[in-house]
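First the structure, in the form of structure tokens, and then the observations on it.
Each chain gets a letter, A, B, C and D, in the order it is written, and its residues are counted from 1.
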């Protein structure tokens, strides 16, 4: 879908610096992911899921539907019918304690469409860096670097959410900014149960409309737009997280920064909190009928890396999509100057589809810390 | 140094939810840290350092001096004479490939000073969460949650920096914001060699003066102030990083979020980039005499999780210090309301002293990816 | 295929002690395995395989054929047509540095055959311990505990062998004992290229015949027999292995002891070496045209946990197969006494089919240490 | 203490193949060890020990005393006063959930004594392989390869034993063979509480006397002798262990094979079991008043990699000590032929001193699986 318009000289070899890959996430509840956008499919293995968990496939399919392309007028119109198929680890509807392998098969990829791009480095994509790292790359639709890989995360996260129902934890993400359009209200003023009521996944009807308009403008301009997703986790008891390197927010930040297109992470008061004085920022402990609470929650539910029982909330920054339906200059692997002009169906904004991915990664982190919290009484 | 002013009733038990701890950072070049603020000392073991590296103790001591309290009028006036002592792994001045153990002994802690705080949860500290997690805590000066633990990181990071000299990598952090006082210039307009010329560690003289004034105002008000540290890494070749979960920026973000008081992380265009359109944000590849480069660097030197050879830069948000020399209300472990009024020597702003810690954590991540990049040619 | 003959009283509940599972092997070159004997199939993900390796599917299929049932008159006559199908990580015939997922589909399992065994603990199988650990189990054909799981190891090992061709390493296992029938010659007196010439996989024709006869006797008696497999690794350069916990032989031993039915491991002089005096046992260094060598090789090619360039050789003890075609007494999950009398097609001796499994596990260990050995020069 | 008698020509360089080291043992309860025989000391960090455990230093010192040289007439007469010093992680006598660092300082090493050996490869030691791996080595007393490193294991194991008292587990090792002198009785016929009554640590008085005589003969001959240690673990409930790669016996075998001088490991019926038929070997389940048991215990308490509640027992083979007080031929790093003739105080047999080391490594494995077994109920 890309028309190579012109090329210009010079030969620089991408010398074959190559290295091993790392595709496992988590410490106890672990996802190992596999698959390329134009290979056989995307899948993974979940290891460390406790036995006896009823696996509700509908809930998994529900999150896949929230992630999949073609779901509304503001996403790519590409159709992918992403259906989960389990390969192991579930017997009579329950996890067995053995590895849960799964795959979502790829369908109807037209890999030929990408052959023009074989030797070209698309701006702000991973084409150049993959070649420098591996000395080779599967150029078809981004190969392993495609965001289609997040299917594996959504599946594992959906199972993580089911595990987290046991301690009563809910995870709710929503779009809080698109380009310069920002949801001004705090999440505490909103009903997070209404997130799915707007196609942009913003729980404020008016802000949602402005966001949708902003995305439509981008699409009309054959351009793209970024934004911010906010995620709220409720029900985490005090005492989860590790205090030094694996602070609960460090694990969450690591998870979010591993999502394609993410450029930043902040929790609680975040970057804005840097402008407050300590006396404004400190969360005073108070005694309540439910026990010890804090009056404010600049801490974002985490103190010293460990949950304190308040809501955990954080923001995730997404850059605008790199694929534009516009002419752009670039170079190919021989350092020749070329111009690309992608056609076809691409997302003008990934934010609405990224909401279930943010939730999934949060679920993986929390499922892990749920299990870690059991390494306790002597 | 804390005066308990008054207390008020009710008894809620912090029930003993307890868990194992995780104190190792890194995949190949690994630091395992130990120590409490009022124990014997702070130390660690570095495993995975290649043999034959000349260890320059002066460079380690230099970074420890940049971290230590009492170094200028804007830090706490507490004196700590932090001297590194190696316990293993170095022979005739060189690393041996065996684990490098080290300790910085604690001196003259007056633990008795803290006995008043034994049962009190200081606001926005880790007292409450530690007790909920472990069912016990070493209350003396924060114990394991004290920022004194970062000594181990500074030592290991200083060795990481020495390893990174081999591929020609430099890491330079500086303070770019204190409270609302912000360095407006980009790092590319500044001489990062001048960072140490101001006590606040900002390479712009005028901004530095305003920042120092801001910290002095906070100190005068017996209050504290937060801010932002920016870090620039130069010389990383294209091809480092892992494309899925261990994206180079995800590992960096994880490292930074593991530093005490950090609330956010962004790299390249960061949160501001979310407001740009794709056509503004994309970094166009160009052909230069040095090879392929990008015209702009919104990517922050990382594309698809892998370095592209441009400068890597990122921002780290620090909240204001939680210990105020003011009266504050809180509760104790029996849920009684109490008032604390800390006295003594505390930092009004951690930013200047956190600069070498940010550099150290960046060095640990990059030393690791330097070694990982060797898992390459067949 | 099991006839329950009689049962007797009493009700003891297997209380639900359950736990997470661990299904990943290796440090850099890592196999995560999945699958049950009567689920969809057996497969895995290989992570950490360097890019650019030509993957020869025939070599994988060759090792699968050596493992599969029905290959000769001395193995079970069950037919399984084990065909590898790759799901990711290979493009244009070469590894890409991304995870290599694969599956061998199960076919024609008659799970119904096993329903009689649902609640019965077969002697010296994992039925009882699985239920105690997980509180649940997939009873069909042993589920996850079935030796069919080793298919994943053979596939990954066959790829490991291809990687090890680069440094010129060969791995050769053979049957050196069946019951009390023992191959008396040392491997150095034998041509290991002839291993495949006998169906029992012993490179000595006469010993092979006696072993085959021994297996046939066992089969005739509706009984089973154990034995020993010896493995020889040639071409490992001096300097591989880690000197403390991950001694090269400790990693090999761990790998072998993880194979079903293995009861012991010894390398070099092994248990027999405990009877020698030091002056008999020490391997004297000598100077040769090829460099430094040892005169004898009681060390089995490994000194202080690190390879010394000599042949690495070791023995692996296998117990007799637990499934007998005989009546045996046992209990069921309610502690009722029952009698089982299995019928059908089972191996009287696993040794011939275990030869490629031993080789595969050795290949995984050595591929890992090959990559680890690259974490070297500064 | 080594006299270089003669040397002979030729120059072959040990080319600097070097690599990173791995010094951490365990999954949840983890020991990272450090130190060299002639450095500052031997120590480690235990991470993952649950909080609240009372640490009894006397029990640690007791096991160190069982390990230390000079304890009886049949060990080396070298005196080392090994005293544990804790550096972190213990407060008011209890573990805090934070890393427990410790050191045993080295004293009075006469490193100069070893300078003659600087360039010489002692037969069946790690001198040659270390140099090949690292390109450098601390030659003083074996440096990192010295068995003095096991001090760290004994300390961590002693803490592991204290943790294992909670589920009521006891670990008892003893010497069951010295050279060809073998304890013929099964451990079930012996009172393991009498192990410490003989200096050779064999619970059978008569066998002990023959073993002591055998060691004295070796000493008189300026030679050394190997042997076997048997270890019995009682009280492990059914359900511990992981069924695929981390079988409980695979983890135990890995632990044992990581001890210096170990050449083999077998559990339950072991190598002898390979000669039995299945009908002789199978352990029949029976119903007893205590619940389900097995009639025999060829399984060694582990079935399918998971404990079944019976005694766990295994054998560990030790080669004879490599350091002989005799003239031996060898080569130096320039491939020159030399003769060494060590003098001084060395063990004629390590077995008696290795008993607490075997117990310690078993304790580390079981403490880990104790904690892993908590990753269970949903």
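By our rule, contacts are C-beta pairs under 8 Å (C-beta built on N, C-alpha and C of every residue); 3 or more make two chains touch, one makes a residue touch a chain.
No experiment lies behind these values; they were computed from the predicted model shown.
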item: Chain pair with more C-beta contacts, B-D versus A-B; value: A-B
item: Distance-maximising chain from chain C - centres being C-alpha averages; value: B
item: Rounded Å distance, chain B centre to chain D centre (Cα mean); value: 39
item: Distance between chain centroids, defined by C-alpha means - chain A, chain B (Å); value: 26
item: Shared-contact residues (touching 2 or more other chains) in chain B; value: 16, 18-24, 28, 33, 48, 50, 52, 133, 144, 243, 371, 374-377
item: Contacting residues of chain D [partner chain B, same complex]; value: 16, 18-24, 28-30, 32-36, 39-41, 43-45, 47-52, 86-89, 91, 94, 96-101, 103, 133-138, 143-144, 371
item: Chain C contact footprint on chain D (complex, rising order); value: 10, 12, 16-25, 27, 33, 121, 123-126, 128-130, 132-133, 144-145, 149, 177, 179-180, 218, 221, 223-228, 237-247, 249-251, 253-255, 257-258, 260, 263-271, 273-287, 291-292, 294, 298-300, 302-309, 315, 317-324, 326, 328-331, 335-337, 372-377
item: Chain B residues touching chain C - in the complex, by the definition given at the top; value: 28, 48, 50, 52-53, 163, 166, 243, 371, 374-378
